[in-house]
Amino acid sequence: MDRIIRKGIAFEPEILEKFDEQSTSKGYKNRSEAIRDLIRKSLIKEKSEDMESEMIGTLTLVYNHHDHDIQHDLTHLQHDNHGIIISTMHTHMNADDCLEVVVFRGKVKDIKKTADGMIARKGVKFGKLVLAQ
Amino acid sequence: MDRIIRKGIAFEPEILEKFDEQSTSKGYKNRSEAIRDLIRKSLIKEKSEDMESEMIGTLTLVYNHHDHDIQHDLTHLQHDNHGIIISTMHTHMNADDCLEVVVFRGKVKDIKKTADGMIARKGVKFGKLVLAQ
Amino acid sequence: MDRIIRKGIAFEPEILEKFDEQSTSKGYKNRSEAIRDLIRKSLIKEKSEDMESEMIGTLTLVYNHHDHDIQHDLTHLQHDNHGIIISTMHTHMNADDCLEVVVFRGKVKDIKKTADGMIARKGVKFGKLVLAQ
Amino acid sequence: MDRIIRKGIAFEPEILEKFDEQSTSKGYKNRSEAIRDLIRKSLIKEKSEDMESEMIGTLTLVYNHHDHDIQHDLTHLQHDNHGIIISTMHTHMNADDCLEVVVFRGKVKDIKKTADGMIARKGVKFGKLVLAQ
């Protein structure tokens, strides 16, 4: 388990009260965890702006499965980039649409380039990359 | 296959040229597809701000698997919300961390509430919800 | 002056160290101020999603001043909405472009509607609303 | 005035209809203007990620004017960076708070560094930089 250190942080009572309300309504059980999550998000945002840093990411894609070529093309793109693609999950959303999630690990610049290429593929209706850690 | 209609759109030549460069560098094969993607993104953003609309979404979570309770708690949360959770994918990222992707379908307000509760869970180091379509 | 209370917050040493580095590089003189800024931003984000809340905002507009009607139209729009517009600042950026900043105070829904109308005006090349406090 | 060229763009009828609804509700008078605005936003986003590019920006700051040193410090910071600061506007929002808008022109890296330093200043309750054009 991770070690934990405790530090005194100064707050205006008003913002602390409002933040506690917000955290509780989001499901946080304690204030430290809510603050740590804000800090982690801020660190990840900074890291994701550095093209050379190594990160984990997920790409969410929605596409129409009646377009037979698209699955073939995406599989092809994934194999060409197998070095940074760890796994994928495919879900049938409705009669027309598939949702595919691709998990990446690699340099930000390589992940972004590969994700951009998949999103740009004709037939892909939606694509969004999340960089995490 | 979807029908397609063609409409004349007026552009300043300068921005058209820059946009074509940007689209090409992102991997787009034609201008119409790049414009349609901007439009779809704009529609999805608006839809995701309406708490009552029905959407598909993915939640990306990173957590430390040495914390034995967390997987149990997340599974519990998922079963409590099985009506809006379609599938999950679990990936082992390194010696410590797991990445879990949860696929949702339901009302925006229900998806957000459930996702917030998972992100707030102690031990979850990162969480990000993407609403798609 | 605002009262200040001090609370003990628990951190993993690793993220605290990285956050201190990030804060220092952004110019923060102490950790509490950097954490309070993350908290305030999180509260403002939540408030700005509530259409009925009262907020302050700024709208940044860029437009071509050779289009004589646009300034007239924007002034007209501003007078029609004088109840929520407090002030504006106009800056000549270069031979062609003007930057105009409009300061709003009012309900989020009214600010957004008025700002959207200005951004949509033909001739406005860029528009971005910031909701603050 | 800018020249205009007209290009045929292919759309699925469904997304065109929804986009026309969205554009109308935002105040757009014609489809081309709404599409051009999406394109311009996409180009500005890309430009703002290049630290060496020259841009215009506005920084929105909220601070408590009872803190006498802050205005002095901000003025000082602004003079130290007069090369990239074009103008500022100060608005009294209520008994306690001032809103200050700073207009920048310069390299993205210089604008960001200066803006970060102002936002980090103790007493500044909110700060948000918008890069435009």
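In order of appearance the chains are A, B, C and D, and numbering begins at 1 in each one.
What we mean here is this: a contact is a pair of C-beta atoms (placed from the backbone, for glycine too) under 8 Å apart; a residue touches a chain by one contact, two chains touch by 3 or more.
Every value quoted in this text rests on a predicted model; they were computed, and no experiment measured them.
*Asks:* Using direct touches as single steps, what is the fewest number of steps from subunit A over to subunit D?
*Replies:* Contact-graph shortest path, subunit A to subunit D, evaluates to 2.
*Asks:* How far is the middle of subunit A from the middle of subunit C, if each middle is the mean of its Cα atoms, in Å?
*Replies:* For subunit A versus subunit C, the centre distance works out to 26 Å.
*Asks:* Report, in whole Å, the distance between the mean C-alpha point of subunit B and the mean C-alpha point of subunit C.
*Replies:* 26
*Asks:* Between subunit A and subunit B, what distance separates the C-alpha centroids? Give it in angstrom.
*Replies:* 8
*Asks:* Counting only residues that touch at least 2 other chains, which ones in subunit A make the list?
*Replies:* Each of 2, 40 in subunit A touches at least two other chains.
*Asks:* So with touch defined the way it is at the top, what topology do the chains form here? Options are line, ring, star, complete, other.
*Replies:* Basically the chains close up into a ring.
*Asks:* I'd like to see which chains touch which, written out pair by pair.
*Replies:* Touch list across chains, by label: A-B, A-C, B-D, C-D.
*Asks:* Using the touch definition up top, name the residues of subunit B that touch subunit A in the complex.
*Replies:* Contact set of subunit B toward subunit A: 1-2, 23, 26-30, 33-34, 37, 40-41, 44, 56, 58, 60, 62, 64, 66-67, 86-87, 89, 91, 93, 97, 99, 101, 103, 105, 116-117, 119-122, 125-128, 130, 132-133.
*Asks:* Within their complex, state which residues of subunit A touch subunit C.
*Replies:* Subunit A residues touching subunit C: 2-16, 18-19, 22, 31-32, 35-36, 38-40, 42-43, 46.
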